[in-house]
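Below, chain A partners chain B and then partners chain C, in two separate complexes.
So, the complex of A and B:
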């Protein structure tokens, strides 16, 4: 088991979410950095979508009540085990009673504590993710609190996780596929969406402007601040389904990007849709940081998606192989 | 047929296909929205229901989200080429016959007026009707669930009498209670979550619309018929 001994207000249990229920109004939820979650899980021998603790307010501390293999993925938050510094994206064995602490991230916004077996909360509608809006799933449908205890699932059969399995930071591993700006702004690739052309000249400005992620941003969506953009004539939309990554422009003119806890329906004109492969990078962007949207093509979206899939498959195969070899030698 | 298909070339343009009666556009690389361009009425929605049924059989489909005279189609994987996918959705629409879903009938006991009817007075002002008339017009109508969405189990109900249309509030109520019977534009519905809400409340219903532990978590489904039964009127 895991016992939460220090936490901020917004930390939850998340897996890859519960898609499939948007048609009854249920948000998919799931990790804001799904790539980080998958990497962490693969290292400890889990299925990529096992449930983990998503930490987005720091410091965070937990105590392991039994020996377990774990790793900290996502944001590099200077994790320590009983005060000894740990490498990010590297597996360790915690002994009974040891305390894992996560400090303010040096880079990124969200860290994932992945443990062999995964966090065991009751699945609701096929997922262990916390649905904050619906107040169900995860740990009682709410944020973690000091004193909460979380059970762990039995580790995957035949696969004994090991300490010392590590992977290159995806920012380096995938660097050929990640755009970098010269001014430190995050570059997020998107495709134009249904009402893009109704914004006239403001549509061009949407792509060139540097937007700031406002403090009114959370797992539901990021509100961007900057010079407002508006359609040339007011648009009256009927309510329709939306997905994470949709960039909507409410009457005020400052765009909102829907994130993991995205509303299932919306009616604001949508100017763009962030490609899936960049949602994890957005999920790691901090409040107050700056970004620009890069107009991508469908082909680019497909290529980067495939590159990410290859990387994950490589990590899965290699980490399983190394773990097996270490187990044989032990 | 007036067809135009703009595809990304060197400078990518918005992918969009418009034909008579409908438009398909993309949200990202694997979600596509078909919008019926006609009236906001039952006839259009019946075709959306028919389209939903056809699309649900596609093997490469992840999920669909029926909306108000529109349908979002989400694929499992990013398609190799979006153009045939957009055309496939449009052709499914063109082939969709109007169907009427065999919905159940749900009767919802409502207490009209009272502490939860925070917007009844404003609705009277706007419509020029008395509170008694507004309430009577609301419960005498028969509604159809057009779509479920926005919040877990929330049914968008069509069939509101135009005399009591009321636009959404520009400043939402901060903390409207779950169960409030509300009007938003030309639609009505029962709030399923306590929280900020831009619709106008005229009463309150006890019925729980959503149970995540049930095999069918949402009580309402598209095509269902809904009647409001005035068990109490507090004016």
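So, the complex of A and C:
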């Protein structure tokens, strides 16, 4: 088991979410950095979508009530076990009573504590993710509080053999597929969406402007601040389906990017849709940081997705191979 | 025991093909008279192994050798997360991570087995190393 001994608000149990229920108004939820979650899980020998603790307010501390293999994925937050510094995305064995602490992230915004077996909460509609807005799923449908205890799914010998392996930083592994700006702004690839052309010249500005992620950003959506963009003539629209990545433009003219806890429907015009393969990078972007949208094609979006899938498969196969080899030679 | 000749290019080619087919990154076979080590480094230029003397270098009894836990690429730092350090640390504490062996996307951190001084960096950053190859020599602090 895991006992939470220090936490801020909004830290929740998340897996890869519950897609498929949007039509009945159920938000998918799920990790904001699904790549981080998958990497952490693969490293400890779990299925990629096992439930973990998503930490987005720091400091965060927990106590392990039994020996378990774990890793901290996602943001590098200078984690320590009983005060001993840990490497990012590296597996360790925690002994009964040991305390894991996560400090303010040095890079990124969200860390994932992945444990062998995964966090065991009751699945709701096929997922262990917490739906904060719906107040269900995860740990009682709410964010973690001091004193909460979380059970873990049973770990196997295969899990236990996995201590002491790490994986290269995903941004390094995928560097051929990630755009980099020369001014430090995050470049996020997107496709023009339904109402893109209604914005006339402002549509061009959407792609060239540097937007700032405002403090009114959370798991539901990122509100961007910058020079407003508006349709050439006011648009009245019926509500329509919305998915994570959709960039809406409310009447104020400052775009909103829908994230993991995205509304299932909305009526604002959509100017663009962030490609799926870049959502994890957005999920790690901090409030106050700057980004620009880069116009992509479906082809590019698929290529990046395939590169990510290859990397994950490489991690899955190689980590298993290395684990086997180390245990034979030990 | 079969008398396979590891100096025969055909044998090496066959073993390499078997490794590729199995999705295995490398293999090492040691015999009293000869040995072979095959590492698949796809898309890289050929690697020339270190000389035999290096392998048999004598480590003074008081020094602790840090050896490669498996075959891979030796890294003096995590190239994916940090720039090359100005110079190698000499004084280390037991448990400090002093390098990595990289196998594909996987990194194996190398922890100092004792507190003391690193007296020799045996492997160069980027070198391909085999299982058990000495990487560092540490003179423990008394």
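The rule we apply is simple: the second predicted complex is superposed on the first by the 322 of 330 C-alpha atoms of A that agree within 3 Å, B and C clash if a C-alpha of one lies under 4 Å from a C-alpha of the other, contacts with A are read in each partner's own complex, and residues count from 1 in each chain.
Heads up, the rule we're going with is that a contact is a pair of C-beta atoms (placed from the backbone, for glycine too) under 8 Å apart; a residue touches a chain by one contact, two chains touch by 3 or more.
Nothing here was measured: the structure is a model prediction, and the numbers come from that model.
Novice: Put the two structures on top of each other at chain A: do chain B and chain C fit, or clash?
Specialist: After superposition on chain A, chain B vs chain C: fit, no clash.
Novice: Mind checking the angle chain B, chain A, chain C on Cα centres after superposing, to the nearest 10 degrees?
Specialist: 150
Novice: Would you check which partner chain A:20 touches, where first means chain B only, second means chain C only, and both and neither mean what they say?
Specialist: Touch status of A:20: first partner only.
Novice: Touch check for A:125: first (chain B), second (chain C), both, or neither?
Specialist: So A:125 only meets chain B here.
Novice: Once the shared chain is lined up, is A:253 touching chain B (first), chain C (second), both, or neither of them?
Specialist: Neither chain B nor chain C is touched by A:253.
Novice: State whether A:169 touches chain B only (first), chain C only (second), both chains, or neither.
Specialist: Touch status of A:169: second partner only.
Novice: Touch check for A:243: first (chain B), second (chain C), both, or neither?
Specialist: The first partner, chain B, only.
Novice: Tell me the contact category for A:325 with respect to chain B and chain C: first, second, both or neither.
Specialist: Touch partner of A:325: chain C, not chain B.
Novice: Tell me, in angstrom, the smallest C-alpha to C-alpha distance between chain B and chain C in the overlaid model?
Specialist: 25
Novice: Could you give the residue numbers on chain A that contact chain B in one complex and chain C in the other?
Specialist: Chain A residues touching both partners: none found.
Novice: Can you tell me which positions in chain A touch chain C when the two form their complex?
Specialist: Going by the criterion above, the answer is residues 76, 84, 87-88, 90, 164-169, 171-173, 311, 314-315, 317-319, 321-322, 325-326, 329.
Novice: Which bits of chain A are touching chain B when the two form their complex?
Specialist: Listed in rising order, the residues are 19-26, 124-125, 131, 133-134, 136-137, 190-194, 196-197, 238-243, 245-246, 263-265, 270, 273-276, 295-299, 301-302, 305.
Novice: Could you pull out which chain B residues touch chain A in their complex?
Specialist: Contact set of chain B toward chain A: 8, 12-16, 23, 25-31, 33, 35, 40, 62-72, 74, 78, 80-82, 147-154, 156, 192-193, 210, 212-213, 217-218.
Novice: Over in the complex, which chain C residues touch chain A? Could you list them?
Specialist: 23-25, 69-70, 78-81, 95, 97, 100, 102-109, 131
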